[in-house]
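Take a look at the following structure, please.
Chain IDs A, B, C, D, E and F follow the sequence of writing; residue 1 opens each chain.
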């Protein structure tokens, strides 16, 4: 309870709330699109770099198991999501696959927010976690998009979507940053560290202000998507999160690391996945998948999910 | 100055389709194009500028024939599933023979 | 591909008026619109881009009737006090019935 | 609302030429103009947006006479060495006498 | 004299001069509009946050009187400005009200510059000053716009203008930042402090470079507005400034605090007010109000006014 | 060899490589143009400011000789380049002059990269080097553009080009920054130093990411320009670089200073020169001059040239 309240008083979460409020009162506040893109490039590169530097200090055998677990979860979670949507939610195949692709991938901002939250709690999640983000980003999308491909019902171009997701800017920046950080190592990283490390939390505040405004617009679509998807967008993350904590702890992650893994796995992508889905499954409704991942799961995770995963990780791993 | 009557074809659509359309347009005979960033609202539920990035406005000066084949291509390939509007009108072009 | 002749109405004005105009346009029957950022200079002393923010260019494909009522509304409401230019011309629109 | 038929002249060219063209246009009788940022590709090897900065799209509503003299000026001064496309078409302008 | 010279050697003021020079020599230097917007979002949020954190440490009774005085000045100064414009300057009612609205509100950059200046002098103005900026921003505009409203001569929409000014981006960022800073408090603010505190002065340099360029364009309009407005744009700020120092000191502000209050009160808004005036009084001439607040009062305050208010505050409060 | 490898492991060079890779795999990564412009304004202003502050601490007689040498090299190198292009390469007069103008001027990013590289090697080049960049930027362009002017074969406007290059944004920012830094001095600079000094290296990473992408597009034009220009773009920088080291050491520069001077002198401009050449020599082919300076010389210098100049400087000056 205490850790939940503390989450609500963090500048990052408060900025998200401010963004929502700004839209609700119809303020003309607007973060210019290019500023938003600039910050997002900065954030992705920064977590890549930091992750790469940390990875260069991590023994391979410490990293091996968590990486495998993450890959496994990346394949499993979209299948779970798909099954729930199609067979419990009675959604059609295309839309089920489209939404599942989002939940198979990862929201980088949710990841960042979870690390910030845990550090504010005095915890210290493993430094190689950004590598796991990179591992988690792609497979889930591919798995989900393969379903209509196999059922011969896609209508779009699977190959183009594959190229889009693999060469998408978020993967290039994240992976590129990881490799640069790995090669450069801690000493050479020092000169760029004030820019990429000290400024990070502050840049995140502005980023979440914008995300709050975007989410607010999504919230208006809530009534269009129906109760089932709202429930799905809250319960599936919790389920995936608990799964991630359990497997993460088994793979040797710390409590903090398991909580961060839970945030990652439970989150729905809203950058890589939408672009790929739009290409591969043009008939799927953006209102459904964007509202689910950005309008429901993202704010849930930011506000409640992350502290919850931490509590569960403490409980399971304590 | 000799003016030639040609057609200005305008396509406003999701940014995602940009490269595909430009490639195809060149294939169909367009000699050049101009791109502008735009936002907009139409029959689809989601404003194009909301999340997936801005719309793009593609303008190309072409002969009537090339223009028609571009219009046909757009209509067949994208009208059903993507946000797109396409229209054309005649313009008087300086040194128009360059664009045929 | 069936082309329908409709009208493209273009309004270039101060950004400040954007939301008001879009709302009214929809009311008057426009089925969609496209926005582009622009700057410019006209009869008013101050360039629109100088301080108050950029101009906005609003384009909408509409029937002649709707077009005329939009033009009338703009002329009556804004011509006296605001920076604005409005013009229209016929365009051939693919699947034009969607915009009527 | 009284509509006057005038001409909309569109010039798409390298940003470098912007101020020169605007100055000359005013000299030749244009009463205003609107600028939009654009990118594009044409007959020249280098895409305008690659390094030298974006293209600029200049639009001006003018009388046929002024329009022709602007078009002539552009054609004579820039066609040989610079990336530029120029075209025009008639538009119906509200309170068009303001722009003559 | 010494403190004046010192002001002229500050990077922030020099950047402003560089901006003017760049326009005078017709340089093609251009700060992209979105960069300018980005910096302005950053600056507003930063002073809001810092102010909020400080406010959370301030006892209410210390803050109460200065806040009341500020509100009072926010109502009084537009009335003074209006009376001078209408009855001494013989300006028509609409334009008088339009210009008065600008002088009733506040220029945030002038505020920031005054704080920077005083800190460079080794002074330490009260931490809650940003709260006073938020208090001062709105009432003056409303009071001035009410005049033609009462005289039934507005022609525009007072209600829309009210919404515009209350939900305008500068108020949302400033107030939002204040509230976030207040809730987060000093400890939680620490993580974002490198971004919002250390970078502040440098970002201000680039912002003033742009403002110098904008001002240079305004300076060309000086001859259009006539001698009266030029005199108005210099003498009214001095008058308002002295008033603010006197009342500020009485309300218990430190000498530095009184000087900052003077800078705020004397300054003319050029973000919130122009937007509101354009909507409520479309017939008023932007050339008049923008030239006065941005072309005359702003450079006067940045270069001479701020050091002057400091000298006067020392003299009255010493 | 070791210093070369070390160069390749620096985040700045790695970011450049990442940019090239991103384009090669056809990623949709894009640094928004305004972000790129913003960073470039920041970098130019920052090196100006730092240089000015350093200059305010440098005795005139220490600075006099290096400045003279730089000016001399600014006049000499475009003439060398022109002669080689026209008489060995058999290029026509206009294109020879156009390319020569680029090699007479300087690439600011190459300068920055060389300073970063040397500092990473534990060296400490003279603080007034940015002043030399400002001295080097203009004369070479003028000299080269004068050639077709004298031969009466320009076809463009020499006067306009002159104005363009002298009031160009890079000169205004660099010179303006120098003057501001000089007037402000070390004490007043302190408040803006976190922004302009600590953030510098990191901002450079993002800038080089973009330059990598731009270069990648240029690389496609390599086959269009022919073997001669490729050789020219590598050998002339080496020749100019050795010349600069030799003269620089004679003028009293440290080994590190001479290496930085070599990087500057050897580099080809790709901001100031292209704009001026486009105006003065519109018939010259942008493919030739942009590919040479940006597609060949720039990556050569970043990857190999800078460490090479350092080795040569150590060897000649040791």
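One rule holds in what follows: a contact is a pair of C-beta atoms (placed from the backbone, for glycine too) under 8 Å apart; a residue touches a chain by one contact, two chains touch by 3 or more.
This structure is a prediction, so every number in the text was calculated from the model and none was measured.
Q: Return the chains shared as contacts by subunit A and subunit D, ordered by label.
A: B, F
Q: Going by average Cα coordinates, which chain is farthest removed from subunit B?
A: Max centre-to-centre separation from subunit B belongs to E.
Q: Measuring between Cα centroids, what's the chain most distant from subunit F?
A: For subunit F, the chain whose C-alpha mean is farthest off is C.
Q: Looking at A-B and A-E, which one has the bigger number of contacting C-beta pairs?
A: Between A-E and A-B, contacts are more numerous in A-E.
Q: Roughly how far is subunit A from subunit F, going centre to centre by Cα mean, in whole Å?
A: Centre-to-centre distance between subunit A and subunit F: 41 Å.
Q: When the C-alpha atoms of subunit C and subunit E are each averaged to a single point, how far apart are the two points in Å?
A: From the centre of subunit C to the centre of subunit E is 35 Å.
Q: How many Å are there between the centre of subunit B and the centre of subunit D, using C-alpha atoms for each centre?
A: 20
Q: Residues of subunit A touching 2+ other chains?
A: Correct list: 32-35, 38, 194, 198-199.
Q: At least two other chains touched by the same residue of subunit B: list those residues.
A: Where subunit B meets two or more other chains at a single residue, that happens at 36-37, 89.
Q: According to the definition already given, which pairs of chains are in contact?
A: A-B, A-E, A-F, B-C, B-D, C-D, C-E, D-F, E-F
Q: Mind pulling up the subunit E residues that touch subunit C in the complex?
A: For subunit E paired with subunit C, touching residues are 33, 155-156, 214, 217, 221, 224, 270, 274-275, 278-279, 282-283, 285-287, 290, 294.
Q: Under the touch definition given earlier, write down the residues of subunit C that touch subunit D in their complex.
A: My answer: residues 10, 12, 36-43, 55, 57, 68, 71-72, 74-75, 79, 85-89.
Q: Which positions of subunit C touch subunit B when the two form their complex?
A: 1, 3, 6, 8, 31-37, 61, 89-95, 98-99
Q: Sort out for me which residues of subunit F touch subunit A in the complex.
A: It is residues 9-12, 14-15, 18, 21-22, 25-35, 38, 116, 119-120, 194, 198-206, 209 of subunit F that touch subunit A.
Q: Enumerate the contact residues on subunit B facing subunit A in the complex.
A: For this pair, the touching residues of subunit B are 14, 16, 45-46, 50-52, 54, 81-82.
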